[in-house]
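The next part holds the structures, each set out as structure tokens.
Shared between the two complexes below is chain A, which has chain B as its partner in the first and chain C in the second.
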Partner chain A sequence: MKSRSFTAYLLSGILLCCFLLTGCTSGAQIDQLAIVMGVGIDKGSAPDNYLVTAQIARPSHVRTANEGGAAQGKPYLDIQQEGKGISMAMYEMMRQMSRRAYLAHNEVIVISEDVAAETILPILDYFIRSLEAKFTVDLVIARGTASGLLAADSNLEQMPAKHLQNLLENQVKNASIEEMPLYKFLSDMLSPGIAPTIPIMELYTDETGIQNARVQGAAVFDGGTLAGTLSAEQTRTLQLVRDKVKSGYINLDAFGSYVSLDITHSKTSVTPRVENGRVIAKIRIRQEYILIDTGVQADITTEDAKAQLERLAAMRLIQSVESLLQDTKAQGLDVCGFGQMAYRKYPRQVEALLETWPEQYKALEVEYDVETVITITGSILRPMAPKGGEQ
Partner chain B sequence: MNAKSRISGLQFFTVTACFLIGTFLRITSITSVLANDAWVSVFTGAVAYLPFLAVFLGLVKRYPGKSLFEINEAVFGAVAGRILSCVYTYFFTMILTTTLLDMANFIVGFIMPGTPITLVLAAFMVSCVYATRKGLEPLARISALLASGACLVLVVNSLLTVANADTRYLFPMFTLPFLRYVQGTHTTISLYFGESIVFLTLLPMLDTKTDIKKPMIASLLFAVVIAFLAVTREILTLGPLLPYVARPSYETMRIIDIETILTRIESIYAFIMISLTFFKACTLLFASASGIAQITRIESPKPILFPFGAFVVVFALQTYPIVGDFLYWSSNVSPFIFTIIEFILPLLTLLAAWTKGFIGSSQRLHVKKGAVRK
Partner chain C sequence: MFSFFKKRLRHSQIRKQAAEASRGPSPKPQTPVDASLAKNLHGIKALFGGSEDFVARPFLIRGERKAAICYVDGLVKSGLIHEAILKPFMIDSRLINDMDPFALASMEDVTAAFLVVGEVRAETDLNQAAEMCLNGDVVLFIDKMAEALVVNAKGWEKRAVTDPQTDAVIRGPREGFTESLRTNTALIRRRIKIPELRMDPITLGVRSRTHLCVTYIENVANPALVEEVKRRLHTIDTDAIINSGYVEEFIEDTPLSLFPTIYYTEKPDVVAGKLLEGRVAVITDGTPFVLTMPFLFMENFQSAEDYTVRPPIAFVLRLIRLLSFFISLVTPAFYIALTKYHQELIPTPLLFTMAAISDGLPFPSAVETAIMLAAFELIKEAGIRLPKPVGQAISIVGALVMGQAATQAGLVSAPVVIIVALTAVTSFTSPTVSDVTTILRWFLLVLATVLGGLGITLGLLTILVYLASIKSFSTDYLAPFAPLQTPDILRDTLYRAPLWSMRTRPASLKPFDAIRQKMSKPNFNDNQRPGRGERRR
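Let's turn to the complex of A and B:
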């Protein structure tokens, strides 16, 4: 009886170990992990080879707000390795490190323009298959080298990768670009009738001689290959067409000087229709503004002046959309996704058109319905003119 | 397993609901067929399943309080009934095996990479055997908690995905060939709703006053709502990526990123999925062991549970050592095999029961008439 209970306890103990310790098989202590904050991908020395740069956090070198003072060293470490495919480069990288590269905190994947010009699909394939990497990691195209961009120091952030991510987020808030997480890019890429975009970043040298990173337009993709670029202005217009503008400003040349309007409300809707086997898109834009700044000394709060300003603002919007469409039509790259919108609404009529969509897009007809309203002229009713002036 | 413990109608509802939610969380087979129209098959599948549910309820009405295995013997006699029970037992074992294997692949692939799959399967099976030995009634009691927890997690997670959702992903609708919708509906009824045939093995455990019609229909409606919510959330979040990902529900959770604070919450989904799989595995283990007990005339399935559990672990490891083969079999082969067992056999049983009843009643009438003549 005694031996039976002993056996039962022994078996229970073994089973308990099985339950509690099996999870430790793949376990790793935090001090055994090299936490990757950003990944840069440049072209390697041979075809299909990539030069991968992993920015690894060094938590012991991160300064807290109270510590201040001079840094003991950089709070990050950039490690580079070339390999055939990303996985090979990552595995080879492990040989240089005493820790395992851990991708779960990776914030940004920077891909150089050279690599993007060939294809970014093998790169995305690695990250989408990875169970560790985030689906929401931001994609960035680097003008120049990805490793260079990833090394750009910032006075505001300790970690360049974090700096790049914050830069992107800030530009998204200003409606200058659309953040492009990995899963979103893949969704756009798999959808017919839309050319996906990824923000472009570049290094520039400021007046003090320090190199900084900045967002400079967007790269447009055809499938997984870089097929064109948009300027910063065109990228902002793209956000307008995609109805992503929540704030911003518009600067008009009017009454012999300038008038700055702050966008308080913006709504864009695109309604496609099919006529005689052609897609026609109607873009409706309604924006509301408040007057924030002007160099005009005349009273521009009169109905006539307001109407003229509103007309100018509407014309500016149409011109900017036209400019965007003109450039992208020339390249056959439907960045606004008119083809996708038309397909979603009229799948049967548009399905055949999508096979030759780049050509169809060149012949796309666009109608505009723009309404602009200046609601408030700020906290003053009329410009303050010196005594004895006209007003 | 305590034969005296009975489960009430409400508990039967939570048991069936838990089982069906656990089944619908592995919805990959539909999304890979119908992509953004996968939500349609939830409704068409539910409607197409109604006649089969009527068959199950017809059998239960004719043989109240009897399990599926007892009904087989009552209708077809001891030998043919046992052969049929063997088929059902094999079927429940197959579902148990695939359920366990799917869960183990998920744990080893996503949650604890590197952990030996044998250990995961063995540890899980030991828990299932232990719980099943305690009886169905304690399991039924926890099923209410599990069902509520699963619903809460699903609703909260769905709300968290709103920021990443895009309603345009639902369009264009109904552009696929008609046969794809037929395939999607067939897959839904055979792989998801049809598995509810296992509930017919639990009938002897029910309170004698329990009418199973209401809980069965209620759990079906409940499963439809939950499945629709889950599938729609995945379509709205993943869009065109949906047919490409191995585990849509899990990948949808991976996308949640609220201001970099609420992120990596897929572990909550994993917890719910493992809990529901545990519940489903216990139900299937009970059903399979009951089948063996009935066939071999063992009074209670309790002594069979442990050796049978060990057999299932080995069977799972031997049957589909390659994940790709397993996924192919689940999507392309099993719906056809399952249809025969889930729908054709019960229908034949009901028809045989009717015929037998009809012949029996006419013979009785004949005897009665003869007696009058005498």
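Let's turn to the complex of A and C:
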């Protein structure tokens, strides 16, 4: 008995020593890492070749809370390398770097429009397989070159990559577009009945000659290939249908001038049903507004005027959805995901329909139930105007 | 791994015990007290040799019959000897006209007639009488009497009852134990005034002859537990018991463990509380620290203060202590795992800061942390041992030089200083485990350096498995969590329930009488207030 337990302890002791032998293989000190903040992917000189731009932070140049102050110079470094596939480019990049590229803090992957026009699947493959890269990294399609977008002015942030990511995050606030993290793109791409979208950004030069980035609609994908684009107005409607509107505004032409309404509450629900082997979607929208701004000098607090404004707002909502549907139906790209919503509700009936969903989507019938309410008119009732001023 | 050593130790202990048994104890031969005073005095003087502090004072009763008292100077009250022993025999006896000193035939007569002292015993063995002298008694020999009288006149210099140095409380009793066994028993008795409070004496140490006192409450403590404590105490066969730590080391369940399985305290109110929960205390003469057992892991995070503050506050305090234990154990290891293996878990802006700082530092984070931790241990040890005024100087030098200068000189990074400072501060919240965490911290540090987060997980698991495996006087160390005793957990672990709701004693201690009280939630706001009733009438 005694000798057996002794052997057991000896063995476990030796096993423990084996752990020590692993000797920190995967460990690395922070100062041995090149922290990649953004990756840009452009077309290379040959097929299957990519020109990869890695935006690497230079911590000693980054402004931190530390009062010591950062060294002069740009707080980032753009390194470019071409290679067959992303991994080759990343490895070859080490020839120009003293540190290992570390992807875990990557904020954004910028893919140029012409790469997307072919396919982005090999790119995604690299970032999914990587043990380091995170799934929450944001995807961006660049109109023009990806490297150009990564070189855009960093605006209020310290690094262009961070700027691009924060810019995307900020779009949610005016309900114009939503960021598309890697995991969400994959889940949309892999589920039938929804066409994934990725925000598009482009460069523009302002009057002082500075190159700035801005969000400009979204790219719609069919599988891994860019199949169409949405305008900025259409992406806003897309957010509305997806019930992602948290705040925002509506600008109406009424009473010979304009009326701006601030959205205080917005709720959209899509109820699909199956009739005669066809999917019919009922879109129910309820929005509440505050009147924030108007060029109309007359009193618009009367019941009639309010009702008229509410009706106008409802019309505007329906029109925008109709326009979005019309455009996407032509291409057979279900950006709103009606197919998916129907499948979730009636899995058995819709399963067969999903196989030919682009065709089905073209024939999709939509019903509207829109309710719009103006709750208050801000801090004043009538516009400020001197008595008898206007004749 | 620990139990491996434990087993080895047990083997060697058994072997040693067998060797002792074969040698056999050497009992002192009995020397009966002789009828001749001269012979007795000669005998007892021979036992003490020429010791200066041993006093043998012959005198005459009523100027006729020979007698003598023996005592050890310094252990007795001289005034008592003069007033209550010598004076009655030598002077007062002359006042009685018809008294015949030679008629005093037995010690009972002497005790009844002359000794103005409370505690008197007869002794027939000279060796025993000598030992009584050493305990501070006065031995009285009378010529032509084959008996000695042992008179209690104990009175040596004692430290007064003062504030304890450890376990300071804001609200609660301030009395602390002293080095005197009798004072300590009195301090406990004053808190539990029932005859069932037992104080069973044991004398241990072949040469130190130290008095110990096994204290428990009859009909509350489990008799099996009391028996076990006494059995273990009786196995002690050693030269000397100088400190209660000696006793602890001889009788604990896990002699080689880092974790203590016997609790010590300087506060009589804490001991009283533990006794009333069904525990057993061992008081050792010559030390102000009283041992209580069994000791459970959760007791490390309990304090006397918890029972005087309101329950929700006690809960927060205990939460802080438990959290501190965890922080002090894991923080350095966690920091290394983060900086070396899991940089993805550091928020990006913080990563930039840390990367900017670590640019140009000479050592990897593990070495930095090890250096700073070692430096802290040095400062701590130096601070404890040095005289108080110098100790302060050391802390200032330590704090400024180690912290500020090391960072400014670019030897270590500021985060490491913060980590070590946090570790240091948190390690003092639970004094009984602070030594344990000091060592386990290094264990986890090495594991984290080698294996990162996996290493920390493995290390913590090992510790947890070990904690679950050990026992303290056949109570599981992790009780009441493992094995699960839900009422105990709800009553007095992390959350200290209101006192009125603690109807039973902790079940994990298996007390003889489980019922503590029969109370329910006090409610004084009903209509039975005396004022209202009277008015209605």
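Please note the rule applied: the second predicted complex is superposed on the first by the 355 of 391 C-alpha atoms of A that agree within 3 Å, B and C clash if a C-alpha of one lies under 4 Å from a C-alpha of the other, contacts with A are read in each partner's own complex, and residues count from 1 in each chain.
Quick note on the criterion: a residue touches a chain if its C-beta (ideal position, glycine included) is under 8 Å from a C-beta of that chain, and two chains touch if they have at least 3 such contacts.
Please read all numbers here as calculations on a predicted model, not as lab measurements.
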**Message:** Once chain A of both complexes is superposed, is A:207 in touch with chain B (first), chain C (second), both, or neither?
**Reply:** neither
**Message:** Looking at A:134 after the superposition, I want to know if it touches chain B, chain C, both of them or none. Which is it: first, second, both, neither?
**Reply:** both
**Complete:** Between chain B and chain C, more residues of chain A are touched by C
**Request:** Could you say whether A:62 touches chain B, chain C, both of them, or neither, answering first, second, both or neither?
**Result:** second
**Request:** Return first, second, both or neither, reflecting whether A:9 touches chain B, chain C, both chains, or no partner chain.
**Result:** second
**Prompt:** Just chain B (first), just chain C (second), both, or neither: which does A:303 touch?
**Reply:** neither
**Message:** So in the superposed three-chain picture, is A:355 touching just chain B, just chain C, both, or none of them (first/second/both/neither)?
**Reply:** neither
**Message:** Touch test for A:104: chain B only (first), chain C only (second), both, or neither?
**Reply:** both
**Footprint overlap on chain A, where chain B in one structure and chain C in the other make contact** = 19, 22-23, 26, 104, 134
**Prompt:** Of all residues in chain C, which touch chain A in the complex?
**Reply:** 1, 4, 7, 339-341, 343-344, 348-349, 351-361, 364-365, 447, 449-452, 455, 458
**Prompt:** Given the complex with chain A, which residues does chain B contribute to the contact?
**Reply:** 109-110, 112-116, 119-120, 122-123, 126, 168-169, 171-172, 175, 238-241, 244, 251, 254-255, 257, 263-264
**Complete:** So, in the complex, the side of chain A touching chain B is made of residues 15, 18-19, 22-23, 25-26, 104, 131, 134-136, 183, 186-187, 190-191, 343-345, 347-348, 351
**Item:** Partner chain C, residues of chain A touching it in the complex
**Value:** 5-6, 9, 12-13, 19-20, 22-24, 26-31, 33, 35, 37, 57, 59-60, 62, 64-66, 70, 102, 104-105, 107, 132, 134
